[in-house]
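One structure, as structure tokens, below. Some questions next.
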Amino acid sequence: MSEKFKVTLDELFTYNVAKTIEDSTLVFHGVSSPIPMVAMYFAKLTHAKDMVYVGGVTSAIDPNPPFFPTTTNDWTMMQGRTAMITIDKLFDMAQKGELHRSFFSGAQVDKYGNQNVTMIGRPGKVKIKLPGGAGGCNLSGDCINYTIWTTRHRAPTKGDKKLYTLVDKCDFVTNVGHVTPYGTREQLRLVGKGPDWLVTELGVFDFDPETKILRLRYLYPDTTVEDVLNNTQFKPVIHPEVRVMDLPTREDIELMRKIDPLNVRKNEFPPKELERPFFV
Amino acid sequence: MSEKFKVTLDELFTYNVAKTIEDSTLVFHGVSSPIPMVAMYFAKLTHAKDMVYVGGVTSAIDPNPPFFPTTTNDWTMMQGRTAMITIDKLFDMAQKGELHRSFFSGAQVDKYGNQNVTMIGRPGKVKIKLPGGAGGCNLSGDCINYTIWTTRHRAPTKGDKKLYTLVDKCDFVTNVGHVTPYGTREQLRLVGKGPDWLVTELGVFDFDPETKILRLRYLYPDTTVEDVLNNTQFKPVIHPEVRVMDLPTREDIELMRKIDPLNVRKNEFPPKELERPFFV
Amino acid sequence: MTLEAAASLIKDGDKVAVGGGLCLREPIAMLRELTRQGRKNLHLCGTAHGFDVDYACGAGIVGAVEETHVSFEQDFGLALNYRRACESGQVRIHENCCNTIIQQFRAAAYGIPFMPIMSAKGSEEVLLHPEFKHIICPFTGNDLILVPALTPDVAIVHAQKADIHGNLRIEQPYVADILMIRAAKNVIVTAEEIIPEAEMIKLGPNVPYYEVAHVVHVPWGAHPTSCYPYYAYDREHISNYYKITQEGADAFKTKYLDKYVYGVKSQAEYIELVGGSERQKRLASWKNGREAWMELYNYE
Amino acid sequence: MTLEAAASLIKDGDKVAVGGGLCLREPIAMLRELTRQGRKNLHLCGTAHGFDVDYACGAGIVGAVEETHVSFEQDFGLALNYRRACESGQVRIHENCCNTIIQQFRAAAYGIPFMPIMSAKGSEEVLLHPEFKHIICPFTGNDLILVPALTPDVAIVHAQKADIHGNLRIEQPYVADILMIRAAKNVIVTAEEIIPEAEMIKLGPNVPYYEVAHVVHVPWGAHPTSCYPYYAYDREHISNYYKITQEGADAFKTKYLDKYVYGVKSQAEYIELVGGSERQKRLASWKNGREAWMELYNYE
């Protein structure tokens, strides 16, 4: 196929999230997670066929959802399942070290991968009450690894200052990254090993093994290191071999569109970002 | 009906156990408990119709067993049930203070109602390994009240000494009575209030409110205070109004025989005891 | 028992565990009735919720929220009544985390004073919970957080099926409902259907009667959240609701509460108001296959 | 996988959680195979058991018993092989109590180092468990016993139905099996029936495949204990077994082990030996109604 096939940001983004999932692992997504929802099922149908797929908040095991709904706690997510477990059991599995991957986001993500989903401001001085972390505070400690995603890396300017999502320090730490206000994961003797990937609309990061600071690994075909630096409050590590990400195939994208006919994956993006043109 | 109706010891005994069950309570029996099995269902069908009847080890709620089997973990005990719970939940209910009554026995029962179902001898010097308490060690602490029963009150003579079941002090305390080797129930802050009845083949006891020592309340039509004293290693309190127990009606006995066609209730008795003649 | 009588058993200031979660099987009819009765200062607790908590904050019946998440997810976004109530200080923020609160319900259900958890260390959510304790584990030497039993005064749950004795058949996902029922001092259930005891026994209740104090028959008691298989969630109603919440607290009172809560005297009237049998038919149409089901999420 | 291969995964000295209980659904075929393979010093743990533990003590494969009760109940009485093994010191006595060990399995299943319990205080069973710790509860001031996670090296369970992936359908009563499966490092299941995955999904597995390492198809794998609905417990076989145990350890070896264990090479041979299809028909006859069912308990 030599013709160019047009894809949109949500598709590349979801593909990047899917690629953080290894085969033969046990994987769960939480609430408010359209992109992980689609990415997990996509991974299960492509490179991670032996993944144990815990279908979100309903805790169905290996469902085949007819489509993805706009909420994570819907009977669509239980269709075609192999088994049901209960949420308390899911959290047990995590605490026991059996949950290999989950997905968390935040209104703020700091350089060590801590996330804030609780409040802008501080207790007693709340400026914006965010939705809350659901299971994130526990699972970010317990699951072996997790993927952070945010579709709001690009920092808008308000008056004379930029409003960063990737901040030097979170107003409030809900979900724990590598170095928390109370010490490192090792000092805290947490069960899991912490976040290993961050996917944003500007790039894909892992963590520098030494400093535990976010490290830029991949760019989109239309983003530069400078774009990333301009939209990040702290100075991320730049991987010496930073390059444009591997792109999905046309078949990958067709599959993604087929499994997500309501395009719930697009709901997470500011409309303007979806206009970015990509071709595979 | 003026004719005399012949009944046997197992029937009077089971009737006495049944009468320790109050209506509108939640009641459970454990393993190796033919008499409580029959007594509970009998109570449910007679004076305790609103009892929540946890049908033994299967944890069926309000079963209607077609007959009583010779073991407590049999599908007979799940027939005609309203619901099933699991054993872990049963123990939760007890720990939470929701289990009103259970039934325990022992190769030894001491004056405070402690029971030994673990060993004759001491750890490291085991003379007879008894079956073990199953849930008794926990439940004797947790359930609100419980009934002790033994069909071996009568102490046989071996050589020059009597082998007592009702002993001054247990070789080993498995299930806890009112005063344990480690203090009183109040000192230990246990959830339940302890045993309130002991039914034997010689009499029925409650506990002296002051001393917490077993107190003889009722005799069988054919037993005397002296019989009881001769077969008890310690000196029980004798209730000032000790008298012969209230007897069941002919209809009661007919019902009991009907629900227990295999006569599992008789299994607990030395054959000779079953020859004692009673009439109602 | 009537919904009015059942709601009257809940007192101002009670700690109330709310069943269901996010868009699913939330006891909304009960919350509307509590609003009509002028209940105040309820302390809501549970896992990840949405319409219920946002509604109750907007209705002014809440004094504290101990849920783990309140939003309309990516469908509509932040829960605006909840935000306003938290940001103004009207509602005390006791935000919790799912496993933490599950363990707190477990401790209550199990009759023990606390549960140890391995996580939450490093998170500032513990700042919202001065009642948590730390110990050095006598077995591992690890620093552990001990989270105390959370015993709701009452759990309010909407179940698919109940019988008159209180046996319940709740369909998956249970969310935390079965656990909350075991943890709470008192359990009040609204049920979509009351079925004969014999039928319930055949189905196999997953909550036995003695755990449930009161059952009220309330068809569409979870609307506008879903109560499958009877109805999917009413995205159109929630969309309209959300737009009203965007207009502010006053608009919420006049356009939503006055109409859908104070303006109706019974659940039957409410059902008529939100679209009656036509609407009921539409929300049951998810059963007609993938296309029909998708349509319910796609009306705009 | 064959029974031989599955049994070979269990090592001398392993801590083995044994499924079922008393007269019900015990993994006896697996215990016989472990006997043929000469396994030694197994540390058995579980709740209230009977034939399985008594058999295993008589077969000499046990080094420690951490069950809560071992007997033939009032049907036959004390478990004589178990008694001999305990009284001779061949088997270390770690007798436990049902709720205590359930909480220990829970701690392992939940991934926490311990559970607190409210009871066992005052009982001397704690003398058999020096690993228990006491603390003063930081919430209530009450003295609490902390019981550590009990993580079996392997759980051996006999299930009614499995599929080839390891999804299980275990019928009530589960006893502690589902909990043990979650607590153990490794899970080996013998199944009465292997059914197609589609049928399993329709029934709804109560143990998902990823919790089970190995499944072996072993019809009559629980005999002589019951595995309803396939067969009631074989009281005649057990009565005969019990009489042999009354004759002493040597008689048990020559009259029972040599015949029913070492004398058979396969489960099919075993089934023939204990009565073949006639016996299978008889033990399935409980389904024919009350009289037939009673007859199985009444043969003497």
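Order of writing sets the chain letters: A, B, C and D. Residues in each chain are counted from 1.
Throughout what follows, a residue touches a chain if its C-beta (ideal position, glycine included) is under 8 Å from a C-beta of that chain, and two chains touch if they have at least 3 such contacts.
Note that the structure is a prediction, hence the values are computed from the model and not measured.
Engineer: Both chain B and chain D are touched by which chains?
Structural biologist: Neighbours common to chain B and chain D are C.
Engineer: Suppose chain C were gone and every other chain stayed put; which groups of chains would still be connected through touching?
Structural biologist: When chain C drops out of the picture, the chain contacts still join everything into one piece.
Engineer: If you tally the C-beta contacts, which comes out ahead, A-D or A-C?
Structural biologist: By number of C-beta pairs in contact, A-C is the larger.
Engineer: Work out the mean Cα position per chain and let me know which chain is farthest from chain A.
Structural biologist: The most remote chain is B.
Engineer: Compute the distance, rounded to whole Å, between the mean C-alpha positions of chain A and chain D.
Structural biologist: About 44 Å, centre to centre.
Engineer: Could you work out how far the Cα centre of chain A sits from that of chain C, in whole Å?
Structural biologist: Here the centre of chain C sits 27 Å away from the centre of chain A.
Engineer: Once you find the CA centre of chain C and the CA centre of chain D, what distance in Å lies between them?
Structural biologist: The answer is 41 Å.
Engineer: Report, in whole Å, the distance between the mean C-alpha point of chain A and the mean C-alpha point of chain B.
Structural biologist: 60
Engineer: Quick check: what residues of chain B touch more than one other chain, meaning two or more?
Structural biologist: 84, 94-95, 142, 191 - these are the residues of chain B that touch more than one other chain.
Engineer: In chain D, which residues are in touch with two or more of the other chains?
Structural biologist: Within chain D, the residues that touch at least two other chains are 111-112, 117-118, 142.
Engineer: Go through the chains and record each pair that touches.
Structural biologist: Chain pairs that touch: A-C, A-D, B-C, B-D, C-D.
Engineer: Once bound in the complex, which stretches of chain B touch chain D?
Structural biologist: 30-34, 57-60, 66-67, 69-76, 78, 84, 86-88, 91, 94-95, 118-119, 123, 126-142, 172-176, 180-183, 185, 188-191, 261-262, 264, 267-268
Engineer: Which of the residues in chain D come into contact with chain B in the complex?
Structural biologist: Going through chain D, the ones touching chain B are 21-24, 47-48, 50, 67-71, 73-75, 78-79, 82-83, 86-87, 93, 95, 97-100, 102, 106, 117-125, 127-128, 142-143, 172-176, 178-179, 226, 228-229, 232-233, 235, 286, 290, 293-294, 297-298.
Engineer: For chain C, which residues count as touching chain D in their complex?
Structural biologist: 111-118, 133, 135, 137-140, 142, 144, 146, 148-149
Engineer: Which residues of chain B touch chain C once you look at their complex with the stated criterion?
Structural biologist: 26, 52, 61, 81-85, 89, 92-97, 142, 191
Engineer: Help me check something: in the complex, which residues belonging to chain C touch chain B?
Structural biologist: So the residues of chain C touching chain B come out as 109-112, 165, 167, 182, 197, 201, 204-206, 208-210.
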